[in-house]
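Just below sit the structures, each encoded as structure tokens.
You will see two complexes here that share chain A, one where it goes with chain B and one where it goes with chain C.
Here is the complex of A and B:
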């Protein structure tokens, strides 16, 4: 939808600048006059929310780095000092820690939006893949950031996750030692995690730039999953990004920030773990190591494999499946065989999707629990078995449901155009002045 | 440009001087790139001072039979247990076929050494093993605190791995026995953990 530019520089300076560096033109074409489908609902506001949270994390993070000490003897105390003594440190640290959680809430809603409305389908495959890359970078950044306060959960989380690498055959031990910079998680590990935790958000910002670029070539998808029509009709299907979507996104951002503020100011540690208020101790493992909530579904998949699969032992199998759960998203555009984008018009697959969302929550629940405990106290029904069942469905959704349903399902009738979907048969399709 | 390297576009023509330059320049760039890249990768490996801190001496004279101690070595725990005669007997009374991991996992002995108890200890009463579960690295709890698991020895609470009196994995997700670090008895009561080549040669270890 990157049509001819409608930007006209008006002042002498902007004319002068436009012929040298057309940066105002780029902004105008991307965020002011960009033609956007007129039927976007609030699920489409999470992109803007995510951009805001990336900025919040970078700004609060740079400030925290001015006070944080990446040393195993001082890291824990320096974070406590930020919380207690540094001016407004209590607020900035809380924004950063809770900001990570809210970043993940938004990214998961953004991804579920993409899955429901088929945002990954042609011609938006590269856009989707770049999104998965951002998600992976976010996970690496969040993991390393969680190690920095050097509490018990930080330390033992780092031990468990780096030991996953050791499961790789032949090279596992060497890679693990290379990551550690020693014979265990220690000073060298903390120092390099700090360095990389500072770097990766800027890499994310770069990939976000590519993500938006890839978005602005085909333009936004939309809830009915129809493409904007070419030629004159295209105008009837779209609205300029500003003011229609700057206002809609702005409203959603404000509401989201209000919820965020409740956590920052009134529940600053509720998403954290009590054990992380104990300084790291290599001689004592906490009774129950759990990752942050946003990693729990993958943790459940990791633990679901308790049996050897041919030559692959249980540990490696769990690791492969856990990474596979994310890797499968890269090929999703080619697994879904349906030409229909939106689940609104896929009566059967829609139910499979709803069950898939429940599965993700269920896996998160399993990840938080001891695998040997019973689900809802039902004798014999261990969380392990529940997790194994949900893991099976997680992969079946991508490998069986989406490829098969595209062939066997009869989609519902779709509207003729985006315009018709919004306005029915009303004559006037002009936006209100 | 193209008229200069016509030979590249053609088929079956003799390699020209320019082909040679292309390949030589490309090869030199690849090798040079690799040479530049390697220091930036290798800097993350353990540094010289980290490697130099690789050995400790432990006095075990105060360690009575039936008790154990945990020492820090290379940033991680090592268990030293003074086993009673009953414990040794229990450890030696296990068939190799009952073990999920039949390798002794002993840094002092070659790989593939059978995991009988005699291959796990230098002196039968002292069992010395690294104290991180081979599953994901948690520190197993011990019989000392009545949390030794099914074999009343060590149990990893994270994902439920049970180890026996020789710290061999018996049940649970851990794939390997707790590894034996390289050590020897410097004197009757002093253990040195982390050996140089000379010490290793005279440590007294042999496959049973």
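Here is the complex of A and C:
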């Protein structure tokens, strides 16, 4: 898709370097000259936003690690020391904690974009799968990071989540002990979580490299879901990445950073849980143990299974379903039978998609509530039932709606090309300089 | 803070706000109060923190530790006894004097012979804890443990309001509520092992303010808020500058974006 390289080294040094390690050429072809569909909307800016947040997390994290002490007796105080005594520690700590939340907001928007515009379909399956791998790594990283401050929620959250592994038949207990490094969540657990929490972001960075590589082979998708045409017409469908998309992404990144700054400086703890300002105490269980908001939908799925299914007991069923909710994303490219990428041209499926997004929010709501409470106070309508219904739809969307709609739905008429979509019936688009 | 409440309400509506974890059981939500440090422009009321420190020392400190606070914090930027002449709080004579008013063994220090070293405090020492250990603390409080107050206002939802409400929230137990030995009833907590602490005129404020119950409840809440979040003022100031900078930059980039895309159909 990117076609022959247009990079021409000008100075003696760059010519010399180019024939030995064409790294400047790689940068040029990938981020300057790269042909990008001219009709990308703001939903396509979240990839760049994610890259920025990965960097923010890594940089602030490295500074935090210089002051953090991974020890049961000192971890909690060391985080407070960072907030109080490290120069600008209050800011760095707040950026890292709120940065994780903003990272997840961006990744969810990025993924919903992919689901709506069919970005996971051929020829971008590998790109999508790498994305799901990144998402899994992000969840593991965030979970272990949340344990590090060693507050009540850190500690009890770690117990609840690691106990899930214990639900696996035969091997569960052994794996759980291996994860803990002992017979309970304790010093060994904290130490290894710190080590892995430092490691995984760099693994993520590596997979992001592959993700972008896999992106640059077929090139970006776009809101109408048509491929860029081959040959000369391709020029009319695209714009060079720089300056068109560098400036557009730059604008979006800045807007996102402004919202981020409001939280970092004015609401540094609203996204957290008050109980995590109480040091971990194995003898006192908090009244409600809830995970961070970005895990709540999965927590709701986990708790939705309250009954045994044949030989599978309720707990194991919940665990399997929760992992299944993510695993299903790996095979999504083969579940959706429609050739039409963009939901813009899928009049019925579009509604199912909107309902799917609402379902994800609804599951998040259920995850935050006590399953025995009533939804909106409606007598008898427990959050448990609501969560079970939404869980059903979550899976039905992938296993029923997408496979079936691709066959029965009659898509709307699509424009002939990206150029035509942009211009309507005006004359042809100017190739950009 | 209006914005906080709006967002909190929004999140609560979405159900994303974690289940309220204030006190065990569901008691009255803290009464909302307007604070000098509320809102993006609000700053701490310095004299309130000073008075609050006095209450902590004369009343709360007999049961509650504040392990994360050092005397020097009192004289640091934004602290109650900050003094421009002493940018290094360790040199601040008032802070030195406050620290030196305690003579005891600090942080388990021993001398060369292994005997406890007794000396007057210095600004680098942390606030002295009232009890040697948890067992002794519980032993003196009918089995209940007075929690450390260093980050108390952050460890409870709406912590500042909560502390003020709690201090004023003692009532007769409603019918059907059994109180254990040494327990009292507090609307915002339920049965509580801390006796009511504040009565009008309990202490004599150094600055002459009349020590009503309400005044004291307010001052201790401000002091604890400062203790939990000592950089709040500078955090907000920095935030305003950062936002201003980002805003101007965003406008410039937006204009560049409009110009670059001006003649491009998209």
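One rule holds for everything that comes next: the second predicted complex is superposed on the first by the 429 of 433 C-alpha atoms of A that agree within 3 Å, B and C clash if a C-alpha of one lies under 4 Å from a C-alpha of the other, contacts with A are read in each partner's own complex, and residues count from 1 in each chain.
Note that in this section a contact is a pair of C-beta atoms (placed from the backbone, for glycine too) under 8 Å apart; a residue touches a chain by one contact, two chains touch by 3 or more.
Computed from a prediction, not measured in an experiment: that's the story for all the values here.
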Discussion item. Output check: A:296 vs chain B and chain C. Expected answer is one of first, second, both, neither. What do you get?
Written reply: second
Item to complete: Could you figure out whether chain B or chain C reaches more residues of chain A?
Response: C
Fill in: Which superposed partner A:328 touches (first chain B, second chain C, both, neither)
neither
Worksheet item: Taking the superposition as given, does A:163 touch the first partner, chain B, the second, chain C, both, or neither?
Response: first
Discussion item. Per the contact definition in the header, classify A:247: touching chain B only (first), chain C only (second), both, or neither.
Written reply: second
Worksheet item: For A:186, is the partner it touches chain B (first), chain C (second), both, or none of the two (neither)?
Response: first
Discussion item. Looking at A:178 after the superposition, I want to know if it touches chain B, chain C, both of them or none. Which is it: first, second, both, neither?
Written reply: first
Discussion item. By the touch definition at the top of the document, which applies to A:287: first (chain B), second (chain C), both, or neither?
Written reply: both
Worksheet, complete the sentence: Intersected contact list for chain A, partners chain B and chain C 287-288
Worksheet entry | Footprint of chain C on chain A - complex, ascending | 38-39, 77, 80, 83-84, 90-91, 94, 239, 243-244, 247-248, 250-251, 254-255, 257-258, 261-262, 264-270, 273-275, 277-278, 286-288, 290, 293, 296, 361, 364-366, 368-370, 422-423, 426, 429-430, 432
Worksheet item: Considering the complex alone, what residue numbers of chain C touch chain A?
Response: 1, 3-4, 7-8, 11, 14-19, 21-22, 24, 40, 67-68, 73, 147, 150-151, 154-157, 159, 228, 230-231, 235-236, 238-240, 242-243, 246-247, 249-250, 253-254, 256-257, 260-261, 263-266
Item to complete: Can you check the complex and tell me which residues of chain B touch chain A?
Response: 41, 44-47, 50, 54, 70, 72, 74-77, 132, 135-139, 157-160, 173-175
Item to complete: Going by the contact rule at the top, pick out the chain A residues touching chain B in the complex.
Response: 156, 159-160, 162-164, 177-186, 188, 192, 282-285, 287-289, 303, 306, 313-315, 318, 371-372
